[in-house]
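Next come the structures, one after another.
Look at the two complexes coming up: subunit A is in both, with subunit B in one and subunit C in the other.
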Partner chain A sequence: MNDVNGKQLSVMIFFIPLIFKMSMLPSYLHRTSGVDGYIIVGLFALAEFLQLWAVLFVCERGGMNGIRERYGNVVYLLLSCPLLLVIGVKSILFVTEIVNYLTTFLFYNVIDAPIVLSLLLVCFYFATKGARSIARIFELTLWLLPVILLMGLIFGETTLQGEYLLSVFAGGGSSILTAIGKYLVYTFDFSPLLFCNIKVKRKIGIGIFSLFSILVTMGCYMLFYCRYGRASYLMGCAFARLASFDTVITEVGSLDWISCILWVTTAILNLSLKLNAVAEISTGFRLKRHWGVGLFTLLLAFLLLKVWVNVDKAFTMASSGIQYVVFGIEVALPFIMIILYSHPQKKEPVCAVNVNGSPR
Partner chain B sequence: MDKKESFIAAFYGNCDLVVRPVSEGVTMFYLDGLADEKRIAKEILAPLLEKGTSFRTESQLLSLLQFAGNVRFCKEENEGVAAVAGGDAALMTEEGYFIFSTRKSNSRAVTEPPTMSVIKGPREGFVEDVKTNMVLLRRKIRSNRLVFLSLTIGRITTTTVVIAYVHGVTPQKTVDEINKRLSEIDVDGITDSSHVAKILEKRPYSIFKQVGSSEKADVVASKLLDGRVAILVDGSPIVLTLPFLLIEDFEDMQDGYKMASLVTFTRLVRLFGAFFALFLPAAFVAVQSHQYQILPLQLMITILNATGGIPFSPTLEMVVALLLFEILTEASIRMPKHVGMALSVVGAIVLGQTAVDAGFLSSITVLIVAMSGIGVYTVPDQAGEIGFLRIFMALCAGILGIYGLLLVTLAMLAYLSEFSSFGVPYLSPFAPIEGKDLADAVVKKSFVDRYIRPFSLSTNKIRLKKRREQ
Partner chain C sequence: MRRKRKWIATLIAITLFLLLGEFLPEEPLRSKAMVVGFGIDYPKDQTVSIHLQILTGSGNKTETRSNTRMLSAEGSTLGEAAYKISRESGLSVSFTHCNVVLIGESLLKSPVLYATLNYLVSSAYLSDNACLIACQGSAGDYLSAPVGFGENAGIYIREIIGMYDRFGDIVGTTVRKYVVDYHRLGQTVWIPFMTKKAIDPIIPTPSSDKKEDDYLFEMNKVAVLTKDRFIGIWEENGTVGINCLLNKISKAQFRSDGDHGEKIDWYVLKNKSDLRYDLEKKTVTAELKLQALVKEIIDYSGNSAHVDRLTVTDSEIARLESMLTDLITSFYLETQSKNADVFGFCEAFFDRYPRRAKDLPLSEIKLDLSVKVQLT
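Presenting the complex of A and B:
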C-alpha cells in the first residue's frame, strides 16, 4: 500500500518541494527580502533535501514501521504523534492556500465551505488508498508538464527583465535571516515519506533529481521575479501566473487552465501524502486507517471552517511561534530515528521446535 | 432394481437417452443428438455384434474394436452417467462401464466474428466448440510450449474450461494463480466465458473492465506471445485474456498489421476521442454554469445566443441529452439490424432537430452530445464505462465546475491506480511508469523493433533475437 519505487520518488521529489513554495511564498518572500527571495528559497530547498537524505536513510532501514517492529508501539507513537501537530499546522496553511487560489482564480462570489469539504473528501480518499496510489498519480500528473511547456513555447508572450534580479543582498543579511525565520513552515515537507516503503536502486539518480529540483525551484523564483519585478509581492499563486506565460489565447480561452489543473492536482496529492501519514499513525492507536484519517480530516474541516477560515489567519497561525516547534520536530525526528536504528538490535532467543510443531 | 434399470433411473426418465442392448448383460447408453450415432453404430456396435462380447478388459475390447478411438473403463455408475451426460457413449457390462469418446461436434463453421470484422489480417473467429478453438490457437502457435490445461467447472453443467499459455513466456505464478482461482469455483453452472470473467474479477461491482476478451485467434495468439494467459470456455466464442490493462482497449487488433507511424496517429486519435467523449459534456456544463470567463468573447456570445430561452439549467439539459443518447443507443442495439439503423437515423436527425426547434435543447448541447457520442465509439470496448462516467462527470461539473471535474477525475484515477490484474498495475505502463513498455503504448513500434515483450507481463523479455539488417 505504501510502496514507492525510485522513479516515483524522483517525480515526488520534483513536485513536493516546489508546489507550496510556488504558491504564496514568492510574494511573501519578496515582501520581506526583495529579490533575495530566490536565494532564500534555494537555501530552503537545500535544507529540505538534506532532510530527504536523512529520511531515505531511515526508510532503507525500515522507516517508521521498522521502529515499531524493533522498539514496540509505544516508541512508535512517541515518535509519530508529534508529526500529527506538524501535519495539522501545515495542512491548515496549505488547504487555505488552495482554497484561496481556487476562489481567486476559478470561482467568483463563492463560499469556501463546499470547496474545503470537497477538497478534504478527495484528500481523505487518496489517503485511504495509500502512498502507492498517490505516487502513481504523481507520475500521471507529470505528463501535464510538457503540455504546459509546449503551449508556452507556441503561444507564450512573456517578457523577462534580467536586471530585476540584480539587487541581491540589498537589505543586508538581516532581511534574509528575518525571512528564513518567518517562513520556516514552508520547508521540510519530506517527513510523510517516513511512512513509505521506498525502494531505490540507484541513489545517484535521486541525488541528480534533488539537485535538479533545487535548481528548478530557484529558477522558477528567478523567472517570477524577472517577470513581475517589484510587483511580485502583489501576485497570488506564482506557479499558475508563471505557467500561463502571460497569454490568454483568443481562440480557445485561457491558457493557464493546464497550469491551474497541474497545481491543484499536485497540491492535493501533497496534502494526501500528509494525510496518509496520519492514517499510518492511527494504526498505532489500534484504529483502522480510514477511521484515523477520517477523524483527523473532520477535525481539520472544523478548524478550517470555524477558526482559520482564510489564508491570512492561517498564515498568522503558521508563522507564529508554533513554526519553530514544527521545524524542531521535522529536523529532530529523522535524526532520532537514525540513532535508534544505529543501536544494535537485540537478538531474540531462537525457540526450538520439535517435529510436531509445538515448542519444546 | 438391476444395474441397467439403475442406470436408466439416474437420467430421471429423459426422453433423449438411447438404450441399446447388445447382448445378455451388455448394454450401450448414449444421448440422442449429443453423441455421434453413426460412429457408435459403425465403430462400436457393428463390430461387437459381429465378433461378440467376450471381453473383460479395455485391451480385449480394443482388440475387438479397432477404430473406436479412446476407451476408458470405470466401475462406478455415477462416472458412467456423467460421461453419457457429457456426450460420450457408455457400454455397460457386468464388470463396469466402458466409456467411448463419441461426442459429436455440432460447431458452426469458423467465420469472421461480426463484432471484429477486419480489412487487413486473418478472419478466423472462435466458435462455440472449445476443441475447435484450441486447434485455431495451435495453428497460430505450432509449438510444444503452447500449453492447454483443462478444468471442469459447474456441478450441473460440467463445462470444460481450458487455460492456455506459452511455457517460459508467461510467468508461472500468473498461471498458477488463475488455475487456483478457477479450481476454487464451486458453482452449479456456467454458460458463457463472461461468467468465468465475473468470477476472476476482484471488484465485481466496479464499472471498469477487468478481464480482456477477443473473438479472434490471431489476437489471442499475439496476447499469449506477450506473456498473457487465455481462458477458453466450452460453449463460448469469446476467449478471455489476463492480465488485462486499460491501454489494451485503446489498441486495435489490426494495429499489428498496419504501418507503425499511421497506427501511432490512429492511437492518438483514439485517445483524444475518448478524452473528448469523457470530458467535453462536463466541461461544457462547467463553463456554462461556473467558469464562463475562460471562454473568448466571441465564443461566449455564440454560446449565450444558442442557449438563450432553454427552460433547463445547463446541467439538467446536458444530463437529459446524454440520457436520451444512451436510450437511443440501447434501443438501436436491441432492435433488429435494419430497424435499428433506421431508429438511430430518426433519433439523431429528427429528434435532435425537433428538440432544438422546440426550444427543449440548445443546438450546442446537441452538437456536444453528438461529438461526445462519436468519441465514445473510437474506443468501443470502453463505451459502457465512458457512457456512464460522462453523465456522472456532467453532474459533478454542474455542482463545482471545473474544480469538481478535476476532483472526480483525480478520485477516479486514484481508484484505477490501485487496481491490479494478477499483479500487473491496471494503468501500466503510465502509472507506474514502465519506460520500455511506454514505447509501445501510444507510439506504435514497428514489428521489427519490438524485440522485447512487455516488461510488466512476461518473464522472458526477448522477443526478436536478431534485428533486421539494414
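Presenting the complex of A and C:
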C-alpha cells in the first residue's frame, strides 16, 4: 500500500517542495524581502533537501514501521504523534491556499464550505488508497509539465525584465532572517515519506531531481519577479499567473487552465500524502486506517470551517510561534530515528535446539 | 486483455462524446454576459461608469450587426456597476474573454486611475494581459461606435494595436504592465492614447438609405502619467521613443529628406537597443540599431535622377539617424522636465547600483543616444 519505487519518489521529491511555494509565497516573500526572495527560496529548498536525505536514510532502514518492529508501538507513537501537529498546521494552511486558488481562478464569488469539504473528501480517499496510489498519480501528473511548456513555447508572448533581479540584498542580508522568521512553515515537507516503503536502486536520480526541484523553484521565482517587478507583492497564485505566458484569451483559449489542473492536482496529492501519514499513525492507536484519517479529516474540516476560515487567518496561525515547533519536529524526527537505528538491535533469544529438532 | 478493455472503453467514451455532444446543456454559456470590451469613465466624483461590450451570439436578427451589445452602468465601485448590469440583463457578467480595457479621458486625468485598475489585476476576474488603451472623451462612445472595419470596436482595437506586434508609432501596453510600471521607482506609466474620426459609411447603393457615419480609430499617441498625476499626451516623438528604446518593433515606417529635398520612406524591420548605465557620469548611453530598407522615394521637384536609384547615400542615412536621435531625445527631455521617468532610468540605476543610486534624481540623468541605421 505504501510502496514507492525510485522513479515515483523522484517525481514526488520534485513536486513536494515546489507546490506550495508557488502559490502565495512568492508574493509574501516579495513583501518582506523584495527581490531577494528568489535567493531565499533557493536556500529554503536547499535546506529542505538536507532533510530529505535524512528521511531517505531512515526509510532505507525501514522508516517508521521499522521503528515499530524494533522498539514497539509506544516508541512508534511517541515519535509519530508530534507529526499530527505538523500535519495539522500545514494542512490548515495548505487547504486554505488551495481554496483561495480555486476561488480566485476557477470559481468566483462562492462560499468556501463546499470547496473545503470536496477537497478534504478527495484527499481522504487518496489517503486511504495509500502512498503507492498517490505516487502513481504524481507520476502521471508530471506529463502536464511538458504540455504547459510546449503550449507556452507555441503561443506564449512573455516579456521579462531581467534587470529587476539585479538588486539582490540591497539592504544587506537581513531579509533572510526576516523571511525565516515568517515563512519557515512553507519548508521541510518530507516527513510524510517516513511512512513509505521506499525502494531505491540508484540514488543518482533522486539527486538529479532534488537539484532540478531547487533550480525550478528558483527559476519560477525569478520569472515571476521579472514579470511583476516591484508589484510582485500584489500577485497571489503565482503559478497560474506565470503559466499564462503573457497571452490573452484568444481563439486558442486560456493557456493557464493546464497549470490550474497541474497545481490543484499536485496540491491535493501533497495533502493526501500527509493524510496518508495520519492513517499510518492511527494504526498505532489500533484504529483502522480509514477511521483514523476520517476522524482527522473531520477535525480538519471543522477547524477550517469554524476557526481558520481563510488564508489570512491560517497564515497568521501558521507563521506564529507554532512554526518553530513544526520546524523543530520536522528536522529532529529523522535525526532521532537515525540515532535509534544506529543503536544495535537486541539479539533475539536463541533457543538451543537438540539434534532431534525440538527445544530442550 | 486489460489494456484492450481500456482502449475499447476510451474509444466508446470518445464516440459517445462526439455523437452526443450536441445534447449537452448550453444554458451556462447563454446565461453569461461574455464581455469582449470593457470601458471605464469617471463622470463625477466618487463614481465610476463602466461600459461592457457584450457578445450576444450569432443568429439573432434583432441584434446589432456586430453580434455585440453595449451596456453601461454607474457605481461607486466597478463591482457595484457590474452588478447593476448583471441585475438588469439577468446575465452573469464574465470578463474572462475580455481583452481590451478602454479608459475614458476623465479617468485618465483623474487621480484614481491606479486605484481603479489595481482591482482588475489583483482580482483575476480579467486577464492581466488585456490591452490597456486610453481614449479621448468617453470610453463608452468608442465601444458603441460603429467601426469601419472589424466586427466590433473591441475586436477592431485589438486588430489595430496588434495582439502580438508593435508598430513604429503605436505603442501597446497591458493592464499588468501598467501596474508593474506604477510600482517602479520613477512611478511613471504610459498608455496608448486613441482618437476617432468619422468616415463615410459603406458606399451606398442608389436604393439604400443614408446611414450614420462609421468610425476609424487612430492610436498614434501616448499618454504619460506619474503616480496619480496626468503629465501629457505625446505624438510621434513619444511613441517612436518608447517603441525604439523599450519595445521590440515588428513594423515601422519613418520619413526623412534626401540630399536634394526628395522624400524618402523607410521601412524598419528590426530594432535593437542597448542601454548602459554609468553612475559616475549619471548618464545612460543608449545605442539604437535599426535594420531598415528604403521603401519609396518621391521628388516633388520632378527630377527623376533623384528617384531612379536603388540605394541611398551615407548622408541620407545620417539624416534619418539624426532625425530619430532628435525625436527621441526631445521626448526624453520634455518628460524629464516634468519629472516623468518614462524609460525607467531611476529603476534601472537602482537595480545596478542598489546602495548608491536609490535617491538619484531623474533631473540629473543624462541620455546619450546614438542611432545606427543598417540597410538591408
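One rule holds in what follows: the second predicted complex is superposed on the first by the 348 of 360 C-alpha atoms of A that agree within 3 Å, B and C clash if a C-alpha of one lies under 4 Å from a C-alpha of the other, contacts with A are read in each partner's own complex, and residues count from 1 in each chain.
Operating definition for what follows: a contact is a pair of C-beta atoms (placed from the backbone, for glycine too) under 8 Å apart; a residue touches a chain by one contact, two chains touch by 3 or more.
Quick caveat, the model's predicted, so the values are computed rather than measured.
**Q** Have a look at subunit B and subunit C on subunit A after the superposition and call it: clash or fit.
**A** Aligned through their shared chain, the two binders clash on subunit A.
**Q** A:268 in the overlay: touching subunit B, subunit C, both, or neither? Say first, second, both or neither.
**A** first
**Q** For A:104, decide between first (touching subunit B), second (touching subunit C), both and neither.
**A** second
**Q** Is A:231 touching the first partner subunit B, the second partner subunit C, both, or neither of them?
**A** So A:231 only meets subunit C here.
**Q** Subunit B or subunit C: which reaches more residues on subunit A?
**A** Here the partner covering more residues of subunit A is B.
**Q** Which partner does A:118 reach: the first (subunit B), the second (subunit C), both, or neither?
**A** first
**Q** Looking at A:133, would you say it contacts subunit B, subunit C, both, or neither? Reply first, second, both or neither.
**A** first
**Q** After lining up the shared chain so the two structures overlap, which partner does A:215 touch, if you call subunit B first and subunit C second: first, second, both or neither?
**A** neither
**Q** If you stack the two complexes on chain A, which partner ends up touching A:157: first (subunit B), second (subunit C), both, or neither?
**A** second
**Q** Given the touch rule stated above, what does A:299 touch, subunit B (first), subunit C (second), both, or neither?
**A** After superposition on chain A, A:299 lies in contact with neither partner.
**Q** By the touch definition at the top of the document, which applies to A:7: first (subunit B), second (subunit C), both, or neither?
**A** In the superposed model, A:7 contacts subunit B only, not subunit C.
**Q** Quick one: from 379-387, 397-405, 433-441 or 451-459, give me the piece of subunit B that collides with subunit C in the overlay.
**A** The stretch that clashes with subunit C is 379-387.
**Q** Following superposition on chain A, which residues of subunit A contact subunit B and also contact subunit C?
**A** Correct list for subunit A: 108, 249-250, 254.
**Q** Could you please specify the touching residues of subunit C with respect to subunit A in the complex?
**A** So the residues of subunit C touching subunit A come out as 96-97, 99, 118, 121-125, 127-131, 163-164, 174, 176, 179-180, 182-185, 347-348, 350-352, 354-355, 358.
**Q** For the complex, give me every residue of subunit A touching subunit B.
**A** Checking each residue of subunit A against subunit B gives 5, 7-8, 102, 106-108, 114-115, 118-119, 121-122, 125-126, 129-130, 132-137, 139-140, 143, 249-254, 257, 261, 264-265, 268.
**Q** Which residues, counting only subunit B, touch subunit A once they are in their complex?
**A** Interface residues on subunit B, with respect to subunit A: 290-291, 293-296, 299, 400-404, 406-407, 410-411, 413-415, 417-418, 425, 427, 430-433.
**Q** So in the complex, the part of subunit A that touches subunit C is made up of which residues?
**A** The touching residues are 104-105, 108, 157, 163-167, 170, 227-231, 234-237, 241, 244, 246-250, 254.
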